[in-house]
Structures are given as structure tokens and as C-alpha cells.
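In the two complexes that follow, subunit A is the common piece, with subunit B as its partner first and subunit C second.
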Partner chain A sequence: MNIFIQMWRSLFRTGVTDSPVHRVFRVVVNFSLHLHPARVSKNGIKTTYTFCLGGLNVLFFVMTAITGGLLMIYYTPDVDKAYANMLDLENVIPFGTFLRNLHRVSAHAMVIAVSLHMLRVFLTASYKSPREFNWVIGVGLLLMTFLLSFTGYLLPWDQLSYWAVTVGTTMAENTPIVGAKGPFSVLGPEEDMRFILLGGTSIDQPTLIRFYFAHCVGLPGALVGLMALHFWRVRKAGGISRPL
Partner chain B sequence: MNDKIEIKERLRLLTVIREEALLRQRDIYPREEKVDTWPNLLVKELIALLIFTIVLVVWSLVQDAPLEELANPGLTPKEAKAPWYFVGLQELLVYFDPWIAGVVFPTIILVGLALIPYLDPDPIKGVGRYAIGKRKFATFCFIFGFTMWFALVAVGQYFRGPGWNFYLPWESWDSPKEVEVALTNFPLVAGIAFLACYYILGLGIPAVTFQNFFWRLGLIRYHITMILLMTMMLVPVKILLRQVFHIRYIVQTPWFNI
Partner chain C sequence: MLKPLVDDLSETTVSRRRVLGSALFWASWGIVVVILGVIGGGVLRCLYPRALYEASKIFKVGSPESYKIGSVNLVTGRGVWIVREQEGFYAILAKCTHLGCQPIWYEDQQVFKCPCHGSRFHKDGVNFAGPAPRPLDRLYLSLSSDGRLEVDKGKTASLDYRLKA
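Up next is the complex of A and B:
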């Protein structure tokens, strides 16, 4: 029996004893829990203060990351295969539709929750000193969330995604100065913003692979980096805001 | 009288501490009630996690992700819509040229949002509570922009059909829409004058009317704040001009139109 106790103790070092010291110790020694301080302000954990929005964003992000990783297994970023992969997901792969639905729904939930989180932080004036720059990082996270959603939109390679991305990238063509059709344009259609974004003059294989990289590696990497900074700065500012 | 002067002379300045430094200190090291993270916070997090995992699972069981025909560059669909969170910008294309709706406005929105902490002159008012009444101007600006973004998304998503014509959600897209009324433009000089007046009066009148506000923000903060606000207000102004007065462009030049 001792061997099992030893195994359990090696995993969860603190045991089940409940005392103030154990409560603190349990948070401090745990890798995922150490994001939290050992003790938190009473005001900060009121559900009606934060509505759990920041934490929910983490949940939605983790959910998209897990389902996204699984979807990568069944997906090839090739214009001749991508759509067939989608049909396979729907018709052949067990729980394929569910996997895709869950990925899509979590992404939508994240866009909504990020917006509401920003609203909450604004209404409680939590962007004020010493948290000014953390708000700026938050704006960065908002942008990353939108870009992640947008780049993912192209990947199914169906009519919906093709034309939605057409609408979106046409905007880049109209950028002043650096867009081919924008005011005071100095660059031709084969060297402007849209060309850089699409990797060509129309949405094709180079676009798909660019968006695939951005969606699966580039943007999630940037998002995780910014998230780490965001949480770190929350802690360094003394936890979430409270009445002064 | 003499006594007072004597007392004054006996005082010595020991140190000067900036007000914000004190506030910062108070903020970082608050003397107020704390509770153990385990179990108070973690139980709440677990409950939120379970509830919303269930919500996501149920949502993805009842609604299937759309999948249309294979992408076909040669076949433009009846309505090409951006993803829903960008539909608000697409809706703005009715009122502005793409370089404004698709590039300038998103840039201004992001820069403006990032500037908020530096434009708000008060370091403590309303921190840590929903004290909307104490921050009327700030709250008005933010809620106005926030609501407008989602209102434009809603209009674009649910009220626009083929050719980006206005359709009520229950209206059939097959019913043809009457040809839109002819739109006119301001003459160039009038347009420039209109825009100039818009910004000069928009910045000038509040500066004179609310002098306290003006001085509290200071010259730079005031101008950035009001230029951002007036630019945001350009959206409802332009919607009004187009829908009520049938004006397409305020300023029309061979190079760009506003």
C-alpha cells in the first residue's frame, strides 16, 4: 500500500490535510495553480465583478488549441485536398463533425468573451495605473483573436471561406500608399499589401499555406506569448483591480 | 498674528511624495481582506469551466459548422459576407470607401483603444467598481463605440441580402429591391469647409463650454481625445447624411473620397 501512497504524494505533494498552511502550499507548489497568488482579494473573486471572463477566455483558447491540434491531423493545406478533408471530417472520421463544430464554437465564444472582458475591464476602470500597459497588451490579444478567427476562416476552402476572405483581403488592396488601389498608391498589384498577404494576386495555394501557418503556428505563438505577459503583469500589479 | 508666523517658521520640509506614487503604493500593497485561493477562487473556476464546457459541447451538438460547395473563384455567391465579427466594417463600406472602412477605421480603433489608459486623466476614479456615474464621459465614449460596432455587425449580418441591399430578416431575398435614389456629393469647397467646421467646432465648443474638462486633460490629451471622438462620430454623421440627405461623399477629389 505504501507504494501507492508514495506515488500519490510524488504527484500531489501536499496531501489532503486542510489547514491554512496546506491551502497556501497547495497553490504555490502546483505548476498550473501558481499562476494564482496563494491568497486573493475578496472583492476580486466576486462572480459579479469579473463574470469569470478572463478565465473563460483561457478555457476557450485551450479548447480551440486542443480541437485545433486534432483537426491538424486530418487536414492538408493543399487546395486540391483541403475541401476533401472537410468532407472526410463530416462523413468518414468518427466525431469529425463534432470536432469541427467544437473548434468553431469555441472560437466564436472567444471572440465574444474577449470583447466582453474588455468591456468589463473598461467599466471597472481597471486600465488605470499601474495597469496601463496591460490594457495595451489586452488590445494586442484582441487583435490576435480576430486574426486567428479570420485566418481559420479560409482553411475549409469552400465558397463561404473563399469569398469571406476575398472581402477581407480586398480591404488590404485599398490601403493608402502601400495598396495598389488605395489613395496615393505607389505600388503595383504585384508588390502591394494584398500581394504580400495572399502571396499572389488571387487567393490560391500560396494564400492557403500562408493562412495555415499563421493560424496554426504564428498567431497562436504570438497569442500565448502575449497571454503570458498579460498574466504576469496582472500578478505584478498586485492582482486584479480593487476599489482604492 | 505673531504666533502664527512663529509656527510657520518652525516647520521644515522633510520630503515630497508625488500623489500618484502614494496611490501606486496603496494599489500594489492593499490593506484589505484576503481569502485563500484554494478553495475560494479555484472552486469558482472549476464551476465556470464545467458550465461553459457543457455550453460549448451542447452548442456544437445542435449547430453544425457550415460547409458549402468547393471554393470556385469563377462563381461569385449571391452575398459575399466577411466573418461576422468583421461584418460591421463591411457594413461601413456603404458609407465610406474601402480605404477608410477597411484600413483607416480599424487602425484608428486599435490605436484609440490602446491609448485609453493614457488619455484618461484621473488615476483613481471608479477603479475596482462599476461606478459608471462617476465616469460619465469615459463610459459614454466607450459604450457608444462598443454598441455601434455590434449594431453595425447586426445590421450587416441580419439585414443585408444580395447586392448588400436592405432586407428584413423574414423578407425573401427574391423580392427585387427598388433602384436606390440618386446620390449627390458636396461641392469640393463646401465639403472641405464642412469637414473643417466639423472638427474645429467639435474641438472648440467643448473646450470653451467645459473649461474644467479642457484643463484637466491638458492640451495634448484633449486634442487626441476629441479628434478620436469626433472621428468616431463621423460614422453616425455619415450614415445620417447618406440615408436622410442622400449625400455620398463629403469631400470628393480625383485621389480620394471621404
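Up next is the complex of A and C:
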């Protein structure tokens, strides 16, 4: 019997004694409760102030991450297989269409929610001191969201993907300084921004694998890192902004 | 009366220990920056492959007789049109000058239309509608030693370039 008590104690360190001190202690030592601040201003939990937009972004990100992970099981970033894999997901794999649409709709919703979140932060002037730099991190998160959408666009490897990425990477070719055809360009067509993106001079296997890596590893990693910084700074700035 | 030199120095100079310490401090940071620079440069360099497994820019497109006068022929998989006119041949790069999509040739209307943003080009590749800023690129076309037409996608030619064959 002792062993079970010991196991229980190892999981829940505070015991069961109910007193105000224990309640606070339980909040402090518990990880999932620690994610929320111990004290929240009345204003911070008012729905019409935040519209839960930041939280919705986290929800949509978690949705895309989970559905994306499941999609990875059936997807091969190979130009001969990618399109067929996508069709298999649509027609052969149970709930495959549902999975793809969940991923797609969550991604769209994330772009919308990020924009609305920025609008809310702007209208409530929450970008002001001490939160200026957190706005900058937010712009980074917006950029990551857009890049994730863009890189994910190529992966089905159909006509829409191919020509959409043709258009996008040709725009990269016209970037100032680092694009071969942009203003003040210093790099040639085989060393510019477009070349790095494509891994060559045309959209082919090297492009697909680069976009796959960026979409599944690079960008989500950067996004999670920035998100951690973003939330940490919200907490350090004294929680969600409030009227002065 | 002369003041002792040592007093003077103690007023205006820093100690040897501090100079060396500071030098060591900045040298250490210098080493860190150099190492990070080398790693960063290496990562950047690794994005550029040494060899590309891409189709050759120079390729043959058949004998001149296989093209009818007045016809526009897409070389499938190469993204090039071979046009034969009364005065000779020319090759057009099938890449819209707006954002790089492949236009489609409409034989009945004698016009190239880009499906992406609606740019239109005459048969000679000159743009007349839509966002395309300049005519389609003309490619260098020559006759190889075996009598077949040869396109070089790496070389562009002027708009009045014609190959007589």
C-alpha cells in the first residue's frame, strides 16, 4: 500500500490538506496551472477586450501541428509520389479528407486570427511601453504564419501549388539586393534568394524537399520559440494590458 | 620643480592588469564572433549545391522541315516555343515576364495568354495587355552540325533575331 501512496505523492506533491496556503502552493508547483498566471486582472478575462484571439491562435497552431503530424505519416516529399499521396489522403485513407481540411481550415483560421489579434492589440494600444518589443516579436510570428502558409502550399504538388510557388519565388527574384532582378541586385541568377529557395533554377525535387523541411521542421520550430518568448514577455509585462 | 613621474602616471593611465584583462575580454568575444561567423557562413554555403541535376540549357528541337510556316510549337518539358515565320525561325522562352508562369498559345486568336494574371502577348512575344512589363524573352537559336535546330536557354537574343533555314 505504501508504494501507491509514494507514487501518488510523486505525482501530486502537495498532499490533500485544504488551507489557503496549500491552495496557493498547489497553484505554484503545478505545471499546467503555472501556464496561467496566479493573478489575472478583471479586465484581462473580459471577452470583449481580448476576444480570446491570442488563445485562438494557439488553438489553431496546435490543431495544425497535430493534423500536420498525422498528414506526415502518409506524405512523401518526392515529386513522383507527393501528388499521389495527396490523392490517397483524399480517397483511400479513412478520414483523410477530413484531416486535410482540418489542417487547411485551421491554417486559414490562424492567418485570420493573427491579423485580428494584431488589430485588437493596435486598437487597445497594447503595443505601448513596456510591450513595444513584444509587438516586434508578434510581427515575427505573423511572418512565420505567412511563411508556413506559403511553404505548405507547394506540398500537394498539383498545378495550383506549382504555379503559386512559381509566382511567389519569382517575387523573391525581385527582392532588393539579394534578388537577381531586384533593385541594387548584387547576386546572379544562380546565387540569389530565389536560388536558395528553389535549390536550383526551377521548381523541382530540391525545391519540394526544402519547402517540406521548412514547413515541417524549420518554421514550426522558429514559431514555437517566438511563441515562448511572446508569452513570457506578456507575463513579465504584468499580464494582459488594461486601461490606465 | 619637477614632480615625480610615477605620480603623473597614476593620474592618467590605467594599470597593466586592466589593459591585459580588457584585451583578453575583447579578444575572447572576437573569437566567439569569428566562430559563429564561420558556422553561419558554412550553413549559408551549404544551401548552394555544387552540382545541379537539371536538364541542359542547350538542346536540339528537331529538323527545320518539321515545322510548318506560320506555326507556334511548344517543346514539351523544355518551356520553349519554336515559331516559324516566312522570314525564318525564332525561339521564345515560355515564361511570362510578369511572375514567371507559362503562357498558353491560342491558335485561333493568334495570341499568348498567361493563365496566372492575364498578360497577353502577340505572336512575336510582344506584350500588349495585362501586367507583363516587357516582351517574352527571345532565345538564341542556331543550326547544329547535324542540321537540326538547337536552342540555348542560357543566351537571349534580340527581338528582331531570325534564324534562316
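One rule holds for everything that comes next: the second predicted complex is superposed on the first by the 212 of 244 C-alpha atoms of A that agree within 3 Å, B and C clash if a C-alpha of one lies under 4 Å from a C-alpha of the other, contacts with A are read in each partner's own complex, and residues count from 1 in each chain.
As a convention for this text, a contact is a pair of C-beta atoms (placed from the backbone, for glycine too) under 8 Å apart; a residue touches a chain by one contact, two chains touch by 3 or more.
Model, not experiment: these values are computed from the prediction.
Engineer: Scan A:Pro94 for contacts with subunit B and subunit C and give back first, second, both or neither.
Structural biologist: After superposing on A, A:Pro94 lies clear of both subunit B and subunit C.
Engineer: Would you check which partner chain A:Pro37 touches, where first means subunit B only, second means subunit C only, and both and neither mean what they say?
Structural biologist: A:Pro37: touches subunit B, not subunit C.
Engineer: Taking the superposition as given, does A:Thr201 touch the first partner, subunit B, the second, subunit C, both, or neither?
Structural biologist: So A:Thr201 only meets subunit C here.
Engineer: Please name the chain, subunit B or subunit C, that touches the greater number of residues in subunit A.
Structural biologist: Touching more of subunit A: B.
Engineer: So, does A:Met171 touch the first partner subunit B, the second partner subunit C, both, or neither?
Structural biologist: Both subunit B and subunit C are touched by A:Met171.
Engineer: Return first, second, both or neither, reflecting whether A:Pro156 touches subunit B, subunit C, both chains, or no partner chain.
Structural biologist: The answer is first: A:Pro156 touches subunit B but not subunit C.
Engineer: Should A:Glu191 be classified as contacting the first partner (subunit B), the second (subunit C), both, or neither?
Structural biologist: It touches subunit C, and subunit B stays clear.
Engineer: Go through subunit A and flag every residue that touches subunit B in one model and subunit C in the other.
Structural biologist: Looking at subunit A, the two contact sets intersect at 163, 166-167, 170-171, 173, 202.
Engineer: Which residues of subunit A touch subunit C in their complex?
Structural biologist: By the definition above, subunit A touches subunit C via 163, 166-167, 169-171, 173, 191, 195-196, 199-202, 204, 206.
Engineer: Taking the touch rule as given, give the residues of subunit C at its contact with subunit A in the complex, in rising order.
Structural biologist: 47-49, 52, 54, 99-101, 115-116
Engineer: Sort out for me which residues of subunit A touch subunit B in the complex.
Structural biologist: 20, 23-24, 26-27, 33, 36-43, 45, 47, 52, 55-56, 59-60, 63, 79, 83, 86-87, 90, 97-98, 100-106, 109, 111, 115, 118-119, 122-133, 135-136, 139, 142-143, 146, 149-150, 153, 156-164, 166-168, 170-176, 179, 181-184, 202-203, 237-238, 241-244
Engineer: Could you please specify the touching residues of subunit B with respect to subunit A in the complex?
Structural biologist: Residue list for subunit B touching subunit A: 20, 23-24, 26-30, 32-42, 44-45, 48-49, 52-53, 55-57, 59-61, 63-73, 75-77, 80-83, 85-86, 89-90, 97-99, 101-104, 110, 113-114, 116-118, 120, 122-132, 135, 138-139, 142, 146, 255-256.
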